[in-house]
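Next up: some structures, all given as structure tokens.
The following pair of complexes shares a single chain, subunit A, combined with subunit B in the former and subunit C in the latter.
Presenting the complex of A and B:
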């Protein structure tokens, strides 16, 4: 971070704050969500300026992309509910300003609270920054335990080493949290009325045929490169999840074999992670102690399983928490197209054999 | 003021704006948006002091923490939106004409 680009950093930080204020005070919800996605992309640039490339990759794919898609989904579902499941031409009711008379006061309150918060927090944080600078940089190789132990971790990317070796316990619990989120987001759902027809168009089909293989290749590269360069399981999973979301939104058909094993795909990552963790104990180590000799290979194995699993989890979260059992991915209203043409009025949830 | 300082201040502003939005916004979707903004602010405050400068590599531990934080934030958002949807569907399902039959 050179001083000559300070003006850029100041402008970027200012843009972030302005976007945040606008997200919270824009009367139109759709506009707010789109601004939130833009906010996520500007955050990606901020992460790059701070030297956190792994975080930038994750923020772009998950923080901006998937979160924005989740919000748009929720907004569309709410619009469909309020309009009585009518066609989406009249979807403005969901974006009607809420509490229009009070929004001005709320906006002023939010900005005032923002200023007050900065006035309170900023001096403390700036003093911490100064103490960091005065006491000497913490992360020199001579003083950072992470960088010292890096050669034994099996990878050369320090962030991957921390995520999957030194603090693998956190990542293990994180995957468990993701699985819990899928459980929490699933619900017995009453079948929605027949939705709109699948979007037709040869342009869409051609676009999917072009983009999805590219996404798969880039995701495989990110997974492989995560050991040496910014990348890794989460970023690769986020890219594959983007492909899954594209398929879900365009209601394309997916290979049956993939959908039948969807549930095992969800838990594959955690299972492999736990297997490696316990296997260490068999060879005389402790739980989750990765032997230094095989660390690179084991980390790649765990990351590969995690990529598939997290992709499945994120797509399931986007699709409304329903396990994908039928012949098509469910569309945004949770409707399934049954394999043998089951009637739409079947019971909302039936345990699968 | 260094580059890291601007991002730290921006992070503090985002956190306060997000918490204020959580309290003052009436719409649930906007509350969840505000929660995400507050989360982004916290991430900025974590990573900005650990940034890389010439002669000093970046501290990877906050990066890993923030990476985990982003993933957990998206799953929390998904659960919040799903709960909101389930609640709305439940409320929409109980209509006056149904109550007459019961």
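Presenting the complex of A and C:
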């Protein structure tokens, strides 16, 4: 932290703490969710200040964007279940947080936990600050063995090198965990609980026509640039997931070819990752030992498969865990008018056949 | 101080002022439609000024192009969101006030 930006950093940290407290104590769930999204965005700035741009990208897209959308989805489903109608806005029973009456015990518990946490973390923080004052903030990790081994990794971005080469085992397990999560989320087959929503009109359709191709291009760029600059598979997948969420929310119809292969998309990333891991053994190496000569190409291959896979996983999680299939997005199909009592409206967005 | 820094700083400060104005409008306006009005108009203008201030001292024309692309996309997204929110509010039956409560 340089001197001139110290006040900015202090204000940033204070804002984060205030937002966190407000999220937990908001009287209205909708307010809490909106504040949570804001918290994610302020966190993005904090990551940028720490020099972790890849994490900032992922935080903005997944932490603030997708998680906020998931929360809003859950809130809408809860409201639709409780009220049986359009989820109302503020202060209704659907949006009161659970246990809102027991505020005193909760407040005492939170404060006690905060004090304990500060007492534990304070000496650690002091030591970190002392060490940074001596050696400079980020330089201590950047001069590590990662930078020395970077030329052999096939990429020039140290984060990608660590994620997909040096510590590829962790990423492999992460992808497996994501796949398990989406399998667990899709297991109970239940009808999607959706309230009546306003029909989407032409403006949304025009917006999607402009923005979704742009999203795909930016995602492809992030995937490609992940080798040299902040980016990579998770960030590109988050962008594509945003496009998928837009399509799902606008009740657009999706090409049947895409939906038929949805399940294989879900497992594609893990499959390709495992294939590359085992292929290394065929050429005399160990499991997950990527040959240094072709490392760049293989990393790109793995990342491409991971992007598609993580996109499918995140969109499935958003769409209520139901695997998308047979030409139908789970909240409604595009063809039937009046399915939930709504008047027939033009479809918001239609793909070219 | 360099003239460029002064121009950039003035643009950034006035952009921040417009954001503040938009937030005050969000807090003070009576119903959802007027709040949408304040948010989208004031915030987009504020963002435009901030982008202008940053672009004035950017390193390359690619950065300038990216900044203006960001502004254009934010305008596109915020107008669409404004339209959707207003449409949903109208559909939910939130009344449009025709006169202020207190004179």
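The working rule: the second predicted complex is superposed on the first by the 281 of 353 C-alpha atoms of A that agree within 3 Å, B and C clash if a C-alpha of one lies under 4 Å from a C-alpha of the other, contacts with A are read in each partner's own complex, and residues count from 1 in each chain.
Quick note on the criterion: contacts are C-beta pairs under 8 Å (C-beta built on N, C-alpha and C of every residue); 3 or more make two chains touch, one makes a residue touch a chain.
None of the values given here were measured: they were computed from a predicted structure.
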| item | value |
| --- | --- |
| Partner chain(s) touched by A:118 [first = subunit B, second = subunit C, both, neither] | first |
| Partner chain(s) touched by A:292 [first = subunit B, second = subunit C, both, neither] | neither |
| Which superposed partner A:201 touches (first subunit B, second subunit C, both, neither) | second |
| Touching partner for A:258 - first (subunit B), second (subunit C), both, neither | neither |
| Which partner, subunit B or subunit C, touches more subunit A residues | B |
| Touched partner set for A:210, first subunit B, second subunit C, both or neither | second |
| Touching both subunit C and subunit B, counted on subunit A across the two superposed complexes | none |
| Contact set on subunit B toward subunit A in their complex | 1-21, 23-27, 29-30, 32-34, 36-37, 40, 43-45, 47-61, 63-68, 70-79, 81-86, 88-89, 92-93 |
| Residues of subunit C that touch subunit A when the two form their complex | 73, 76-77, 80, 83-84, 87-88, 90-92 |
| Footprint of subunit C on subunit A - complex, ascending | 86, 88, 197-201, 203-204, 207, 210-211, 214 |
| Of all residues in subunit A, those that touch subunit B in their complex | 1-3, 5-6, 9-10, 12-14, 16-17, 20-21, 23-24, 29, 32-33, 36, 39-40, 43, 46-47, 49-52, 54-55, 58-59, 62-63, 66-67, 70-71, 73-75, 77-78, 81, 98-99, 102, 106, 109-118, 120-122, 125-126, 128-129, 132-133, 137-141, 144, 146-147, 158-159, 161-163, 167, 170-171, 174, 177-178, 181, 184-187, 189-190, 234, 310, 313-314, 317-318, 320-321 |
